[in-house]
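I have placed the structure first, in the form of structure tokens, so that the comments after it can refer back to it.
Labels for the chains are A, B and C, by order of writing; each one numbers its residues from 1.
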Amino acid sequence: MMLVVMAFGVWILGWWINTRLAEGPNAQTRAVKLLIPTIFGVTLLLVWELVVRGLEVPLVILPAPSLIAVRFAGSIPILWVDFAQTFIKGALSGYLIGCSAAFLMAIAVDRWEFLRLGLLPVGNFVAALPIVGTAPILVMWFGFDWQSKAAVVVVMVFFPVLVNTVAGLRETTAMQRDLMETYAASYWQAFFKLRLPAAMPFVFNGLKIATTLALVGAIVAEFFGSPTVGMGFRISTSVGQLALDMVWAEIVVAALAGSLFYGVVAMVEKVVTFWHPSQRG
Amino acid sequence: MRAPCVHPLCTAATQHFGGEPMKSALAVLTVIAVLVAFWYAACVPMNIKGVLVEAERAGAEISTPGARDRRDMSEVGLVLDNRFAIPATWAQDRPRLPAPHQVGIELWKTTLGKKITSKRSLVYHGWVTLSATLLGFAIGTGLGVLLAVGIVHSKVMDMSVMPWAIVSQTIPIIALAPMIIVVLYSVGVQGIIPKAIISAYLSFFPVVVGMVKGLRSPDHMQLDLLRTYSASNAQGFWKLRLPASMPYLFTSLKIGIAASLVGAIVGELPTGAVAGLGARLLAGSYYGQTVQIWSALFAAAILAACLVGLLGLIEKAVLKRMGMAS
Amino acid sequence: MNTEPNTQPVIEARNLDLTFQTNDGPVHALKDVNLSIDKGDFVSFIGPSGCGKTTFLRCVAALETPTGGTLSVNGMTADEARRNRAYGYVFQAAGLYPWRTISKNIKLPLEIMGYSKSDQEKRVKDVLELVDLEGFGGKYPWQLSGGMQQRASIARALAFDADILLMDEPFGALDEIVRDHLNEQLLHLWARTNKTIGFVTHSIPEAVYLSTKIVVMSPRPGRITDVIESPLPKQRPLDIRDSPEFIEVAHRVREGLRAGHADAA
């Protein structure tokens, strides 16, 4: 019971510190802006730890963060192999194939008005569908290994990237297009000098949405069948064995992989679209 | 100026597909026709090996006898050498790729052709999934809107919670689904609740992020105007922030409901649930019932389209009443 | 004024018509427009919105296609002239690409038209000097003020060999003081380059100050109501605007605008 009271105290303390910081004079500095969510996160972890210990919550319901950390540190080889299987082989290769295919398709769609009129509504429609549902079919076609996961990822990332890129390629203003017209620029000159650079903020928006989808696709596809390795496989089998600390360790890996993947794409975006008002800050 | 938001669901409602509706309708129909034609064409090489095995068993003359000898041959070559088998590729029992009409017939049989109480009725399975989706969606959006209001009015909450809400969008939180199902099962909770919880948290974060953006969308001039009236915080909320947030809310609702449906479907996978569209997908993949998988998939797609479309209609009506429709 | 042996006008419009089909029925953007512009002229187009001044300029640039009459630019059709890169066009906004530096923006038409690398460098240097932007070549557009951006966009239109410069309310978005300064610079530039300039504006002082010829237009249908040859000398300090001749011309422009307004009402 002591621990639960402590948890309550920690929560109050964390909130009090954050309130002081947020109301304080330095609230708008970069350091404080990072510090406040960090304190919040740490407070949450401490409360979780203390409550789980205090109420003696069984492992099969909720393991304490410290247990998860121990499991994580002790299973790095397994976690790494799973990560390589699911993220590098499945998600990343599917992401690259899907995004490049969507990009090329977007260029074709942009070139031919009829294709745009026909394909874009279909693309918008498909992008709203529960595409993860294609996983059992693709697993049946491409086998249990990473190829089927990559195929699911391809299907999942294709439409968001397509729709965003097409929207971006149409983003130029009438004036910018007229300028190209006054230079008597050819289609491809206007494409490479104007439309492609102008589309980049949109393209990256699609690429960022696709990072999360890629990971979701690769993990969920493993629920439909996989070799005895992979993050989705490990999650579903560990759940079956009630080894929840392992499940949480995999979730930590998934969270890290997801935010890093997103972060890397966002960093490339910053370099490529340095000129866009949203990046200039 | 913010980064452009072109989530497919934002653009679906706002994009204009050219000035001529006739021409766009024609274009859409053409694309669909091409897709269907491609689908039929793809059935031939995809199913040819299976068809030839069956035909051989039935005593037909095959260019290369023996399934084992055919295993490494190219499908296209087999099709060309055994043209008589082409119609059969569209009528197999368990094809690798069922033809569109097979899926259509199965959909028809399992929706309108069955009593909805039947275990084989897709309407029944669809309802199982839909009820979890809607319950979860209601919980998720309700809490999401509340948190957003809190975030907009409290600086501490904004600075503590908002970064995490944004980060949560970049990680595959759906990975938590199997654990939630099993843990709740072990404490005796099962049925609709665990799936609804997954649906709820998948729709929760998009709604929080979208709603915060919406509640913050009034510009300085609009906020200053209210300040000149010396309006209270509550008045500012009801008269300015909330109405201004509506377009953002609907955009995130559409994203949220699609996520909720995915959550409910995935929530049906890990325990080998017996009812629901996810269960149909899983059972179909166990028993190689491809036609069943495809029809469950299409049922899910139709459900998603209806839900998003319904929200789109509500959005249109609400925004029109508020005079915000474009 | 015209030193060329060839006395053919640079731009000549005869009975030019342009009708847009809209949902509310046809709109006569231009009706029966007759105008000839000689080499070295500085022609301003002035009139209320909807009078077709911008539309006429866009026809000359072959950005719009007239529905009737004839229009020749440099003795060819407008579209041939466009393909021959006969003119530089300056828009209402600078429209510089934010992802290119000022130098790279000025190089944009040169790249498209296939000028050699060394020629590009030289021309960029020359036009930057011409518009008083030396030393700003490495900056990005968003790092410059609105007036500087518009100067850069003029430099972009001057960088390649076109003897016609078409300007569509280029200083409309700038404040009065910057505008005066740019007007003065534009006159210098015109004197140095001897280009033929078509200039759309809705400011009477600007039109009178800059032009050798002022075309007054009125709307519904868009048409020319008066063409005023300016008696002012080519050398024009800013304070010429207080001279009786200037006020006289401005008065005539205002009368023309008022007459057009009365017809339309």
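Heads up, the rule we're going with is that a contact is a pair of C-beta atoms (placed from the backbone, for glycine too) under 8 Å apart; a residue touches a chain by one contact, two chains touch by 3 or more.
Not measured: the values here are computed from a predicted model.
Asker: Suppose chain centres are the mean of their C-alpha atoms. Which chain sits farthest from chain A?
Answerer: Centroid comparison gives C as the farthest chain from chain A.
Asker: If I count C-beta pairs in contact for every pair of chains, which pair wins?
Answerer: Contact tally peaks for the chain pair A-B.
Asker: Centroid of chain A to centroid of chain B, CA atoms only: how many Å?
Answerer: Distance between chain centres, rounded to whole Å: 18 Å.
Asker: With centres defined as the mean C-alpha position, give me the chain A-chain C separation in Å.
Answerer: 50
Asker: Spell out, as numbers or ranges, the residues of chain B touching 2 or more other chains.
Answerer: Nothing qualifies.
Asker: I need the residues of chain C touching at least two other chains; which ones are they?
Answerer: Counting only residues that touch two or more other chains, chain C contributes none.
Asker: Of all the residues in chain A, which ones touch at least 2 other chains?
Answerer: 276-277 - these are the residues of chain A that touch more than one other chain.
Asker: Help me check something: in the complex, which residues belonging to chain A touch chain C?
Answerer: Contacts found on chain A: 173, 175-176, 178-185, 189, 193-194, 197-198, 200, 273-277, 280.
Asker: Under the definition above, what is the set of chain C residues touching chain A in their complex?
Answerer: Going by the criterion above, the answer is residues 58, 61-63, 82-85, 87-89, 91-93, 95, 97-99, 108-109, 111-113, 140, 142.
Asker: Taking the touch rule as given, give the residues of chain B at its contact with chain A in the complex, in rising order.
Answerer: Interface residues on chain B, with respect to chain A: 1-9, 11-12, 15, 17-18, 23-24, 27-32, 35, 96, 155-156, 158-164, 167, 169-172, 174-176, 178-179, 182-183, 186-187, 254, 258, 261-262, 265-266, 269-270, 277, 281-282, 284-285, 288, 290, 293-294, 296-297, 300-301, 304-305, 308.
Asker: Can you name the residues of chain A that touch chain B in the complex?
Answerer: Residues 15, 18-19, 21-23, 27, 32-33, 36-37, 39-41, 60-62, 113-125, 127-130, 132-137, 139-141, 159-160, 163-164, 167-168, 171, 201-202, 205-206, 208-209, 211-212, 215-216, 219-220, 223-225, 231-232, 235-236, 239-240, 242, 244, 247-248, 250-251, 254-255, 258-259, 261-263, 276-278 of chain A touch chain B in their complex.
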